[in-house]
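The structure that follows is given in the form of structure tokens.
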Amino acid sequence: MTVSLTRNYRFVASHRLHLEQLSAEENQRLFGKCNNPYGHGHNYLLSITVKGAVDDQTGLVVSLTGLDTLVQREVLDRYDHRYLNFDVPEFATTPSTTENMAFAIRDHLLREWCSSLGNSAPQLTNVRVQETKRNSVELTLID
Amino acid sequence: MTVSLTRNYRFVASHRLHLEQLSAEENQRLFGKCNNPYGHGHNYLLSITVKGAVDDQTGLVVSLTGLDTLVQREVLDRYDHRYLNFDVPEFATTPSTTENMAFAIRDHLLREWCSSLGNSAPQLTNVRVQETKRNSVELTLID
Amino acid sequence: MTVSLTRNYRFVASHRLHLEQLSAEENQRLFGKCNNPYGHGHNYLLSITVKGAVDDQTGLVVSLTGLDTLVQREVLDRYDHRYLNFDVPEFATTPSTTENMAFAIRDHLLREWCSSLGNSAPQLTNVRVQETKRNSVELTLID
Amino acid sequence: MTVSLTRNYRFVASHRLHLEQLSAEENQRLFGKCNNPYGHGHNYLLSITVKGAVDDQTGLVVSLTGLDTLVQREVLDRYDHRYLNFDVPEFATTPSTTENMAFAIRDHLLREWCSSLGNSAPQLTNVRVQETKRNSVELTLID
Amino acid sequence: MTVSLTRNYRFVASHRLHLEQLSAEENQRLFGKCNNPYGHGHNYLLSITVKGAVDDQTGLVVSLTGLDTLVQREVLDRYDHRYLNFDVPEFATTPSTTENMAFAIRDHLLREWCSSLGNSAPQLTNVRVQETKRNSVELTLID
Amino acid sequence: MTVSLTRNYRFVASHRLHLEQLSAEENQRLFGKCNNPYGHGHNYLLSITVKGAVDDQTGLVVSLTGLDTLVQREVLDRYDHRYLNFDVPEFATTPSTTENMAFAIRDHLLREWCSSLGNSAPQLTNVRVQETKRNSVELTLID
């Protein structure tokens, strides 16, 4: 009686992909327009998937209120309406590629997962970040 | 030469999440607005995934006509334009959470799977129920 | 310097289309499955369009906070997670067709429009209610 | 034999809504999170509608190649992957609200409309800018 | 008490844009890849908008069953799963641009409008044909 | 530090499902309207998923420029704006079902994968072809 539940969240942010240790030409070649000096932005779609046993009585795999509170505090409050390079410590020197954003979101959520969702918390199995309609990145934590 | 095919179906239904054995306060705390006394409803999106070998000659993994007939009879005819609490026996006392709906749909389909789709039927691997743009539940039957 | 701004809101509700003064057969012929005895439901998408002059300084045609507060109180608080036939007075005897919902929403908004949005409020020009991906109704208040 | 054709374009950009002449508190009250100091961004969807007679022979109301070239040069090359406040002159001191972006895009297109699309150019009738799934602004040039 | 209702229909078809009276080079210049010799295809989305008074009793502006029957017979049965150049008489020599498709659909619907929908039929006000997510054409019959 | 990245591509094409070795009746029974003599078409959505380690410095799992170049040359240049039965050798006698299209696309990509993307290329793990909003097929190359 194990099931996966996916819940979607939206946030908007801006960023610039740039590596200090590279030359302007190398940055341009590597990141293209994403290296433009003052940055650009996206409407991000974040999908969180949890997997676990469904409670016999309630028919629920997770408390959506609990999950929403956790994602709001750990992710949306940090990233929403922010310039990732300046406002978010983990992207001060690490480029905020969609790949790195997925890892950082995973870390933020896992750090507070059990203390927020309790002992019966389902497992966090997937973190998916969609940057545009063309691009998304997904982390699979547990197969 | 194994492939997965996903086919989408839509139905509309209403429901109320409520447990008789709990107090009004507990129901409210557990289900929030979904516990409102007269129920509410959704446009559900059901995605059925099958996996199997592709027929050498026809290039098909499943007969869509056969699959549509089965899903129509076993799921849509039961759930579409219904109040799940009163019209659908399995949700008379069990809450029709998206989680429980996915299990019930799986059971309805598996019961008639081989008799409807024949010996060369592909395997039913995933049942996904999307309640709103924010929430969906997926059952993985076979990894 | 006149512009139209459209803002989207979502709510979920259930309803039954039924006229007491008609026979069961007439109701069935008129409303089909939407006449099923215990009702069904939808994820509604409400689009509100306002038209007005853009403020020279702020570059805004309307305060989104003000509009959101008004729509929340006058529409979403009445309709969201409700069974329209029982929970919403205007649909106690009038069928909650998408057409009638659009009129009722217009009336709720217009009644409080100026007192909520102030003297510089833009005009409410369109109320659009989408019931499913196939159906929507739009009221044009001002051409 | 008059018809309207709408063509969609996408670009990504970042911006900050801020007025120098206002205090920090006033800016915060007026623009909320959109006033955050380092800005944020969006995936913008731009919809251009033209209206005109359909050519008897070709069955076309406009050359899509011509329209695409014009929009690319006059809009996308200016706005795509840019920080509107610093990279785009018209938003150096004017806030880049969706309302003001629609006006600026209209002006950029109209300035080069006939020289780009020729004497048989259809009329530009609508400029629509969608900032998020919840918000869009539309300019109607000709009723 | 006048309202507009839009209903969406889907069909799939293939076509080739080509004018016999033009040279190969001119056809290529005019239609680009749409002139490829064996054609290509689309998932079309057809949106029909009607406008009229809402019936006092039923709360409906049009019988959806009646509208569906008309669109099925006059449009979908002609166009769905067809190669427009060979299967559809009106596109034997006239190019099946989205513009011309909108006109042809309008003509098919108007010819049978009153005989199908009765004396109380609402007016057909808009025919919209979406060819891809980037392109659509809309005919406005009545302002 | 392994991650999956999915990138979407669009192409339009037409096809006819038909097997020479079968009778007209058998073809009709097997493929329905998809067997209509002159074919029909679709707006296809192709989703390519790669999985690999994220580069420590750049934060990228794959060069999108490299992936786009490969998909453009190996898939889009062959299929876009084409009649698959006549224009694409692999579908001259094999039916271009979505299932077979997924296999063919996988083969085209794998043949040039390493020579195009280099030694540090991530693995191609999924090829997904969506034919309509109702149907898609997915190949999983590596679990």
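A, B, C, D, E and F are the chain letters, set down in written order, and residue numbers restart from 1 in every chain.
One rule holds in what follows: contacts are C-beta pairs under 8 Å (C-beta built on N, C-alpha and C of every residue); 3 or more make two chains touch, one makes a residue touch a chain.
It should be emphasised that the depicted structure is a prediction, and the values quoted were computed from it without experimental measurement.
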item	value
Smallest count of steps, each to a touching chain, taking subunit B to subunit D	2
Any chain that touches subunit E and subunit D	C
Inter-copy rotation, subunit E to subunit F, in degrees (Cα atoms; steps of 5)	180
Chain at maximum distance from subunit D, centres defined as averaged CA atoms	B
Most widely separated chain from subunit C, with each centre as the mean of CA atoms	F
Homomeric contact subunit B-subunit F: same or different residue positions, threshold half	different
Whole-Å gap separating subunit A and subunit D, where each centre is the average of the chain's CA atoms	30
Computed distance of Cα centres, subunit C from subunit A, in Å	34
Length of the line joining the C-alpha centres of subunit C and subunit F, rounded to whole Å	42
In subunit C, residues with contacts to at least two other chains	133, 143
Chains touching one another, given as label pairs in label order	A-B, A-D, A-F, B-C, B-F, C-D, C-E, D-E, E-F
Complex contacts: residues of subunit C adjacent to subunit D	1, 3-8, 54, 57-61, 64-65, 143
In the complex with subunit D, residue positions of subunit E that touch it	17, 19, 21, 30, 32, 94-100, 102-103, 133-140, 143
Residue ranges of subunit D in contact with subunit A within the complex	10, 12-15, 33-34, 36, 38-43, 80-83, 85-87, 132-133
